[in-house]
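Structure below; questions to follow.
We just call them A, B and C in the order they show up, numbering each chain from 1.
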Amino acid sequence: MNLLLKEIRHNKLLWLLVFVPLVFAAEMLKPEAHTMHFVLSVLAIVPLAALLSHATESVAAKTGDAVGGLLNATLGNLTELVIALTALRAGQYMLVKASIAGAIVTNSLFMLGVSFLLGGLKYHTQEYNRVSARMQAGLLFLATVALLIPSAVSQADSASTAAFTQKLSVGLSILLIVAYGMSMLFSLKTHREFFASAEHGEGGEEGHGATPFPMGLALATLAGVTVLVAMVSHVFVESVQHAAETFGMSQAFVGFIVVAIVGAAAEMASAFAGARKNRLDLSVGIALGSSAQIALFVAPVLVLLSYVLGPEPMNLQFWPGAVVMMLIATMAASLMTNTGRSTWFVGMLLVMVYLVFAMTLYLLPPRGQ
Amino acid sequence: MNLLLKEIRHNKLLWLLVFVPLVFAAEMLKPEAHTMHFVLSVLAIVPLAALLSHATESVAAKTGDAVGGLLNATLGNLTELVIALTALRAGQYMLVKASIAGAIVTNSLFMLGVSFLLGGLKYHTQEYNRVSARMQAGLLFLATVALLIPSAVSQADSASTAAFTQKLSVGLSILLIVAYGMSMLFSLKTHREFFASAEHGEGGEEGHGATPFPMGLALATLAGVTVLVAMVSHVFVESVQHAAETFGMSQAFVGFIVVAIVGAAAEMASAFAGARKNRLDLSVGIALGSSAQIALFVAPVLVLLSYVLGPEPMNLQFWPGAVVMMLIATMAASLMTNTGRSTWFVGMLLVMVYLVFAMTLYLLPPRGQ
Amino acid sequence: MNLLLKEIRHNKLLWLLVFVPLVFAAEMLKPEAHTMHFVLSVLAIVPLAALLSHATESVAAKTGDAVGGLLNATLGNLTELVIALTALRAGQYMLVKASIAGAIVTNSLFMLGVSFLLGGLKYHTQEYNRVSARMQAGLLFLATVALLIPSAVSQADSASTAAFTQKLSVGLSILLIVAYGMSMLFSLKTHREFFASAEHGEGGEEGHGATPFPMGLALATLAGVTVLVAMVSHVFVESVQHAAETFGMSQAFVGFIVVAIVGAAAEMASAFAGARKNRLDLSVGIALGSSAQIALFVAPVLVLLSYVLGPEPMNLQFWPGAVVMMLIATMAASLMTNTGRSTWFVGMLLVMVYLVFAMTLYLLPPRGQ
């Protein structure tokens, strides 16, 4: 517990934890102040995500490489998963899908781009392990195909029935989870020597000079903070629509950009810090690894869980604009990382592509009904 | 003739030749048993394709490199060509097009992917000549553009008249055949040193330890087996629709997946054997070379022949879903082969992309009319 | 002035200057002879463009690297800019957009492809600096995304209002100009050592053995010839529609292919000469640099200027077929240049892709209203 307090004193991001009780207070005292709920819940999720990430790392560090890698790979995007599950239970499938697509796009363009940009402003050129980047890009390519083909094929035929989409979504979800499992087998077991320095980077937070929690504290934090994230997410999901209207933002912009950046704030802090320390393998690993994890693990798990938790089954059919953005993000990340060398200019290009998306979504008129 | 029997004894695939007379018997005795016709004709085409392929190799081996390469390059997909011609004469243009698109997708995803997978399960990493892979990928890119642009441009304008599509198809067909001719000039003549080990691989079947046929036997086999394939294809094409209904498979699935795998069975056997012997140049050459040949030679030749043989001219305009699949297959093959190095994971990714397609087509509801 | 005459004697292309007075004569004496106006104005623009290009180079050579690079980078496509401005003032936005898209496609497929082809017919293989090619390809990728996303997103929603498209176009234009400025900062300032041999190539015309003009003459030529180009462009833009009808060419073909080739004739001469002298860096730099300049500088500047000069604001929303062609051209240029090595076959492939476009546009039936 002392260690927890020490970690909080040490890591300034965690001072934001003060907003967690404020969220619940605001919800009870001012149930109609949606914009305030929104702002407070955003501010509260950021430090909770950081804490969750640190606890996951601590457990992973204790359990040895294979189990640790597995843990990191399944719990690494726990924040996104919990937010999405909350939206899923509320039946807000459009928000769930927007946040999935937004997380993929934000991680592979914005997180990667800003990492290259920040690193490039300090170092003339930076090198990183491109085998790892290639594997993640390959996984993202597969996931994008899986999300693209159903709509490409069924639109063309205009014979897409709900039953077809639903059966296909379940099948594709299982396929994606299997592919994700294979990628862990490949990187943690059969060809782990390829990932030498990327693996080094995986021990994320110690880059911050943070001490890992002992096992008991780590597990308790994991459990307790997950519950807190779920509770805050509940407020966040309820208030996000109202807030969007207040700020004059389109719903697409909120789902794609705001939720994605809030959910990934803790990982971004790690990725950017890695880039400034010339440990680009860490940054590339977090940015692309996180994208791949959301596309091949979080999204299909949500589809399968929707049968148990949601009011009705969710499918994998995305809004065509979202599919195009995911496709472009995957292509951009793949093109820009295949040399294993980066400069500020490469980062600038990735960020610019992201700005094109953000600007388009921001200006998008609300759907006409 | 003795040699032919010896080859049959040696190569277990050829034992399936017993199904050739059974097809004709079944057609005469039970003219309504379409599903049986279908199964028997599939089983009969596989060994005939293997024999055809062996005979082509034998002639090629005798005639020296340039002519031999030319022969291989024009007769290498004789089975696909004969099946497609049979469907063409029956006016079944949808089946012709599905089998063309399916062959391109199946060869560049499934054949290539399983080769990498099988090779990768035996060897930790495998290397191959990427110049050859690049050339084939470039040709496939050109072919995909040629198939994509007409529909992209005319759909957009909704001013596509039949006359436009037809004239354009003839023009593009000639362009593709010219490009294919240029690729042979490049690989067999002006820059043959780039293809050193790929050329080694081209002597296909000897990888099986088979003895080449003498010239007379080879030519006789070529002629006789082509006639047999044509006759069996006739039964196959007539029964394929009925069989699809019986097995509950969509027509798209049959054309894309079943016909493509049946037509390429013999080449797959060679490609997979090559991969298991660490001769990946052979496998990549067969898989991508075959795709390029179908896209730039078989398909345009069918368009031109449709003026002579078909009930009406055939065009090059494909179903949009098929164009998207060909585009993705080309991109995937291009991305995955540009390092010249493979592991089981790369193979797994390619096979997964293929499974996404197969699953989508399998579940696709029948067109609604 | 003597030097100007010497340059004209030396460079046979400039003999075409005799057509400049003929254009004006024809316009006054035979105001209805549109086809003759068209032919004469095409023949007059080509030498004016060459002269403009030479004057720009001369000023650039005098002012030192940074300013010179800047000048080259802003005035390098002055001909295209003046033609487009003339069409803009006439409110012919479809022609403006077709000429922008056509210039991008023509430069990155035809100019690059013919350079590789001509170089490859003389030299077995040629090498060039691929860092520079990569940067230009990255910029083109960004520009294509900026042109693609608005229509992808708004089509999907069918909620695209004119106001949305207009606001977005202004925003994207500013973004593209900023990105273009960044690329100059990168290549001329922070990472200029990467562009070593490409920079050498930038001194364009001296490859022709031409003497640079002294400052005064260069500036006078720049001013005078710009006025002449504007006047001839006026005739060209007025006659182009009539001429298209006379020659039986679709409007899309004229805008995309004819205008683009006329506008870039002078640069093509330099690029092809460079390739024949085994100075491929020069050719690749001109071809891709020119494409990037039109996409990230000329096009957005035209959008912003349309608020001042045009009858109504112009947007960045292109005809979907044009977007697909730009996307394919960018992908092709990017795929074909990422090895830094070329042969005649690579050039042939690029030219073939261009021919697919040209043939499609040529056969395209006129829009049906």
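In this section, a contact is a pair of C-beta atoms (placed from the backbone, for glycine too) under 8 Å apart; a residue touches a chain by one contact, two chains touch by 3 or more.
What you see is a predicted model; the values in this text were computed from it and never measured.
Taken as a graph of touching chains, this assembly is complete, with every chain in contact with every other.
Chains compared, chain A against chain C: the Cα-based superposition rotates one onto the other by 120 degrees, nearest 5.
Under half of the residue numbers at the interface between copies chain B and chain C are found on both sides, making the touching surfaces mostly different. Separating the CA-averaged centres of chain B and chain C is a span of 41 Å. Residue numbers of chain B whose C-beta contacts span two or more other chains: none are found.
Every residue of chain C that touches chain B in the complex is listed here, in rising order: 124-125, 319-321, 324-325, 328, 331-332, 335-336, 339, 343-346, 348-349, 352-353, 355-357, 359-361, 363-368. On the chain B side of its complex with chain C, the touching residues are 134-135, 138-139, 141-142, 145-146, 148-150, 152-154, 156-157, 159-161, 163-164, 167-168, 171-172, 175, 178-179, 182-183, 186, 190-191, 334.
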